[in-house]
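Inspection log for the structure reproduced underneath, given as C-alpha cells.
Residue numbering begins at 1 within each chain, and the chains themselves are lettered A, B, C and D in the order written.
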Amino acid sequence: MTAAFLQISNLYKSFGGVAATDHVDLEVLEHEVHAVIGPNGAGKTTLISQLAGELEPDDGQVAFLGRDITRLPPHARAQLGLARSFQITSLMLDMTVRDNVALAIQAHDGHSFRFWRDARRDTALTDRAMQALARVGLEGRADTIAQQMSHGEHRQLEIALALATDPKLLLLDEPMAGMGSEEAARMVEILRDLKGSKTMLLIEHDMDAVFALADRITVLVYGKVIATGKPDEIRADESVRRAYLGDEAG
Amino acid sequence: MFKRLMLSAAAASLLAMPAMASGGHDKVKIGFVTTITTGAGIIGKDMVDALNLAMDDMGGKMGGLEVDLIVEDDGFKPGIGKQKTDKLIKQDDVHFITGYLWSHVLLASRKTALDSGKFLISSNAGPSQLAGKLCHKNFFSTSWQNDQTPMAMGEVLNKKGIKSIYVMAPNYAAGKNMVAGVERTFKGKIVGKDMTKWGKDAQLDFSAELAKAKASGAGAIFIFYPGKAGGAFIKQYQQAGLQGKIPLYSVFTVDSIALPKLQKGKLNGVLGSLNTQFWGPDLDTPQNKKFVSGFRKKYGRYPSFYAAQSYDMMYLIKSAVEAVKGDMHNQDGLRAAMEKANFPSVRGKFSYGNNHFPIQNFYLRKVVKDADGNWTTTIVDTVFKNHQDTYASLCKL
Amino acid sequence: MLDPRLWQAREWVTALTLAAFGLAPVFTELASQPFILDLIARLMILAIAAVSLNLILGHGGMISFGHAAYIGIGAYAVGIPAYYEITNGFLQIAIAIGASAVFAFFTGLISLRTKGVYFIMITMAFAQMVYFAFISIEEYGGDDGLVIETRSEFGGLFDIEDTTTFYYFTWVSLVAALYLVRRIMRSRFGMVIEGAKGNERRMQSIGFDTYKYRLTCYVIAGMICGYAGALLGNFTSFFSPEMMDWTHSGELLFMVVLGGAGSLFGPVLGTAAFVLLEEFLSGITIYWQAIFGVLLILVVLFAPGGIDGFLGRLGRKR
Amino acid sequence: MDWGLLITQVLNGMQLGVLLFLLASGLTLVFGIMDFVNLAHGSLYMMGAFFCATLTEWTGSFVLAAFLALPLTALVGLAVEIIVVRKLYRRDHLDHVLATFGLILVFDTAVQFIWGPAGTAIPLPEWLDGRVEILPNIEFPTFRLLIIATGLVVAIALYWIVTHTRTGMLIRAGASNRTMVSALGIDIGKLFLGLFALGAVLAGLAGLMIAPITEASIGMGNEIIIVAFVVIIIGGIGSIKGAFVAALLVGLIDTMGRSFLDSFLKLFMSIQNAETSAPAISAMMIYILMAAVLAFRPQGLFPPKGR
C-alpha cells in the first residue's frame, strides 16, 4: 500500500469545554475501506464534519493527497475529490432524482456558469446521471421527485450523489442508518461493489456491515482513538471489548 | 363621528365619480389632485370641502353647463400625483387640471398636464420654477408664488428690529422657496438653518434642531411647517422653553387647520403670535364674507387659506366658462378670460402677472380669540400692496 | 411546451395574457380609453421587476426586501443623463443595467453572507441607504425628484415618445425578460440555483461554491430590475427617491407571492392582479388600503402558491 | 465647543434611544423567541398613541390615560396574535413579512376611519410640560427626561425578568433553543400569546410616550419600525442587552448627525447643499452602521448564546 491518502493529525475540537474530537490521529490509505466505530456520542459525526469542512477544528491538521485542507471550505474539498454522504438524508427534495444526480455531475465537471443551454437536454449530463443511478439501482426512479421516495431509496440516492462527483475519497456517515435488514443488505452490496475502486471512510453502527466491508477499523470513544487495526485485531482488542463491544455483547 | 362618516362618504363618492360619457351637451370637467389619505389628508379635506361649498353656491353649474368634479388622491407622493394627473387627462379627459397641495407634486405633474394642452390651475403650490423659467400660457395660480409670503415676513422681521434669525423648514421644493423668500427680504443675519425630512415619513421630533436654535442665540425663529408638523413644532418649541426667549414667526404653519388642535392642546403661547398671508378669514370683501360664513355654516369651523384658494379656483373657472358662453373648445377665449381675473375673489380684486401668478396684497395676521372663544387669526396690517413675485421677470410670456 | 395540445390552465393563461397585452392597443384605441393602455404599460414594467425578484426569491430562495432600490437606480440612470441632456437610450439602459449590477454585486457580497431574517433586513437596509443617498443629492432634486423633458432616444430606430411604440417596447421587454429567466432557470446555472434553494449544505458538499452562484443570480436579478427601472423612468418621465421606499419593496414581494413564487409567469399575474385591484379599489373608496391589507393576509394564510398554484390545481383536475 | 449644546444633544439622543429601545425590546423578544417577524409592531405603537390621546381627552389626565391605554394596546396585541399571527408561526419569514405588511395597511386605514386623517394631540399636565435645570443654565424638557427615565426603568425591569425569573429563564431558553422549551412541558401557545401581548404593551408605551411631543398620527410607526429592526439586528436578535446598547447607539448617531453633520459638511460643499444633505446622510449612517456590523458580526453585537 502507498502513503496516506487522508492524513488526520492531532485533530482537536471542543464544544463548551467538552472535547468532541480529542487529539485524533488517523490515516486512510488509498483503496482501503476504513471504518470508524464507537458508541453514541463518541464524536464520529463531529469528526466527519471536520473532514468535510463544515466544522472548523480548534487545533490539528487534515491533509488530503498530501495537501493541507484544514481550512478549506466544503465545496473546495469536494472539488479536490472528497465526497460525503449524510447521516440524516440530505437531498434536493424538490427536484427529480435525475436532477439531483445531474447536479453532482455538473459540480464535478466544473462547468456550471452556463446560462443558456437547457441542462435537462444536455446529454452529457443526463446520460452520465443515468449511469450513476444505475450503479445504485435507481435508474427506474429517475423522474420521481426525490421527496416522494422511500427512506431506503433516499439512502441509495445519497450514495449516488456522492459517487456522481467521481470522488477519490468517500466519507460515508452511517449509510445504513434507519434501514430495514433487506435494504441494509442491498446497501452492503452496493458498497462492496465499490470496494477496491474507491477509497472510503465509513462511519457505521451496523457491526455486521462494518466487519463485512472494512479493511481497517478505528475505534473512537469520547473523542479519543483507542484502537486502530484490521477487523480481527479489533475484535481481539481487550480495551475495545471493554469500552465498546463488551458493552454491546452484554 | 357621524359627521366624519358623512364627510368621508362625500369624499369617497367624489373619488368614485366616473367619467360618465356626456349625453349630448357639454360639461365642465374639473379634475382636482390633492392629498386625501395620510396625515396630510386633513388639508385635502379642507380643500375638497371648499369645492363642494362652491358647487352648492353655484348650483352645480357654470355658465349653464353642468360641472363634473373629479377628486384624486396623491397620497402625499409626487409619483402618485403624476399618475393621477395622467388619469385625469387620459381617462376623464377633464378641461381643467387643478388642485396641487404640494409643490413637489405639482412639479412632477406639470409636464404631462401641460403637454396635454389642458389648463393647469394650482390652488395652493407655487414653486419658483413655474413662476419663472417653466411658466406656461396654460398654467394659472389662484394662490401665490411660494417666496412671497415669507418675503412679507422678512419685512415684518425688519420692522420689528430683529437682527438675527434661525430658519427651519421641511426639505422639499416649497420649503426651499420659503427659505429663499425670507432670506431675500430679511436684512439681518441668518445664524442657522435646518431643512428636515418631509413626505409621508416626515420628521416630527425637532429636539436636536430646537437645541441648536436655542444655542445659536438667534433673535427669532422663522419656520414653515404646514399641516400636522406645525402643531408638533409649536408644542416642542414651548416644551423646550423657547417661548418668551426667542419669538417664533411662521408662514403657512398657524392656520385654521392647526389652531383648533393647538387650542385643544392648550398651547396658549400661540395667542398673539404673528404670521403673514394673502388672506384671512376676517378679510373684508363681499365674496370672503359669503365664503367664510357659508363654510362655517356648512362645516362648523373656520376655513383655511387652502380652502379659500380652492374656492377662488372654482370662481375663476366659472368666470372663464361664462366669458366663452360655454364653448369649452375655445381654449384661447378661456385663457384670455382667466388672465383678466374678472371674478369675485375672496381676497378682493387682484390682477394676474405675465406668469399667471396673482399680483396681490400680503397681510400681517395675529392669532386671537373670536367672540365664541375659538382661536382664529385677524389681520392687523398690510405688509405688501399689489406684490408681484420676483421670478416673473424670468418668465418669457 | 410549445404544443398547445399539451397545454393546461397555466399555459393557456400565460399565452392568453401575453396575447391580450399584445393586442391591448387595438382595443384601447377602439374604445378610446388611452388610460387603460398606460395602466397595462405600468403593469408590464412592474411585472418585469417582479419577474426579476422572483428569480432570486422564488427560484433562489433569497428573500430580498430591498428590490425597489434597483427600480430607483434604473430610473435615475435615465434621469441623471437626461438632466445633462444625454438622451441616448442605449447608453442610458447600459448605465441602468451596469449600475444595478455594481450595486447588486457589492451589496450581495455582504448580504449573502447572512441568512434568514438577517438577509431580509440587510437587503432592506441597503435599499434604504440608496433611498437616503438620493434624497441627500440636492442636484437631482432631492426628495422632490426630477422631471425629464425627453424620453430615451434610440437613434431613429424607433421613437418611444409615441405611446404605442413605447407600449410595444415594454411588451417585447416583458416577453424577453420572461424568456431570459426561463432559459436561465433551465440551464446548468439555474439547476445550481434551484439546488441551492432546496439544500445549500448538500450543494456545498458536492462541490458547489453556492455563495458564488447566488451572488451571480442576485446580480442578474438586479440587472433585470434595473432595466425595468429604466423603463419606468421613461414611462413616468419622473424620478424620485420615493420609488425606492421600503413599502415598494414590500409591494414587489406581494406581487410575486400573490402570483406564485417560483413559477415563471406567476409574478406577471400577481402584478396584474395587484395593479388592477389597486386601481379599482382606490376608485371605490379612500379606505381601499384596508381591503388590500386584508386580502394580503388572506392570500398568505389560505392561498400558498398564489394564483399560479390555483391554476396548477385547475390543471390537475382535468 | 458649546458644552451646553453637546450635553443637551446627548440627552436628546438618549431620549430617542430609549424610545427605540421600548419599541425594539418587544420586537426582539417576539422575534428572538417566536422567530416571528412582526412589521406591524409599529402599528401597535400607533395604537398606544391614539388610545392615550382619546383617553386623555375623556379623562382629562395624561397619566391616567397612559395607564389605561396600556391594557387596551395589550388587548389589540392579543387579538392580532389570536386572529392572524398564531397561524403564521410555522410559516417562513416571507409569509410573516407579507401578512404583517397587510396588517399595517389595515391598521393605518382603520385609524384614518376612526380618528380621521388629522392626528390627535395629547396635552400634558403642567408639571410635565415644563423644564428642569439639569446643570446651571442647561434646561431640558421635563417630559423628555421622563421618557428617558421610563426607558431606563423598563430596561432594568426587563433585564431583571430575563435574568432572574422563571419566565425569563424560559425566554432565554427559547431564544437559544426553541424545542427545549416545549420539552420542558410549557404551553408554548400561552407563552407566545403572553409575550406578544408584552411586546404590544412595550410598543404602546413607546407610542404614548412620544405622542405628547409629535402627536398621534397615521403611519407614525411605519418608519420608526424599520429603525427598530435595524436596532435589534445590530444588537443581536433576542438580546435585551443588545437592543438597549444598539438603541442608544442609533439614537445618539441620529441626533448627533442632525445636530453637527451640517456644520461638518459645510467644509466640503455649499451651505445650501450641506443643509439639505445632512439629515439624509445622518439617516443613512444608521444603515451603514448596520451593514458594517453584519459584515463583521453576522449575528449582531450580542447574539444570544447557543444560536
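The definition used in the following text is that a residue touches a chain if its C-beta (ideal position, glycine included) is under 8 Å from a C-beta of that chain, and two chains touch if they have at least 3 such contacts.
What you are looking at is a predicted structure, and each value in this text was computed from that prediction instead of being measured.
Using the contact threshold fixed earlier, the set of chains in contact with both subunit B and subunit C is D. Counting only chains that touch, the fewest steps needed to get from subunit A to subunit D is 2.
Of all chains, A has its CA centroid at the greatest distance from the CA centroid of subunit C. Averaged Cα coordinates give subunit A a centre that lies 43 Å from the centre of subunit C.
Work out the mean CA point of subunit B and of subunit D, and you get 35 Å between them.
Each chain gets a centre from the mean of its Cα atoms; for subunit C and subunit D, those two points are 32 Å apart. Rounded to whole angstrom, the centroid-to-centroid distance between subunit A and subunit B, based on C-alpha atoms, equals 76 Å. In subunit A, no position touches at least two other chains. Multi-chain contact residues of subunit B, defined as those touching 2 or more other chains: 8, 36-37, 171, 197, 201. Residue positions of subunit C touching 2 or more other chains: 135, 142, 286-287, 289.
Counting only pairs that meet the touch rule, the chains in contact are A-C, B-C, B-D, C-D.
Across the interface of their complex, subunit B is touched by residues 33-36, 38, 42, 135, 142-145, 147, 149, 236-238, 240, 242-243, 245, 282-287, 289 of subunit C.
Subunit B meets subunit C in the complex at residues 8, 11-12, 15-16, 18, 36-37, 73, 77-79, 82-83, 86-87, 90-91, 103-104, 107-108, 110-112, 171-173, 197-199, 201.
Partner subunit D is touched in their complex by these residues of subunit B: 4, 8, 36-42, 44-45, 171, 176, 193-197, 200-201, 203-205, 207-209, 211-212, 214-215, 228, 231-232, 235-236, 238-241, 257, 261-262, 264-266. Within the complex formed with subunit C, the subunit A residues making contact are 52, 54, 73-76, 78-79, 83-84, 86, 90-95, 99-100, 102-104, 106-108, 111-120, 122, 125, 161-162, 164-165. Residue ranges on subunit C touching subunit D, taken from their complex, read 57, 63, 65, 110, 113-118, 120-122, 124-126, 128-129, 132-133, 135-139, 142, 246-247, 250, 253-254, 257, 261, 286-290, 292-297, 299-301.
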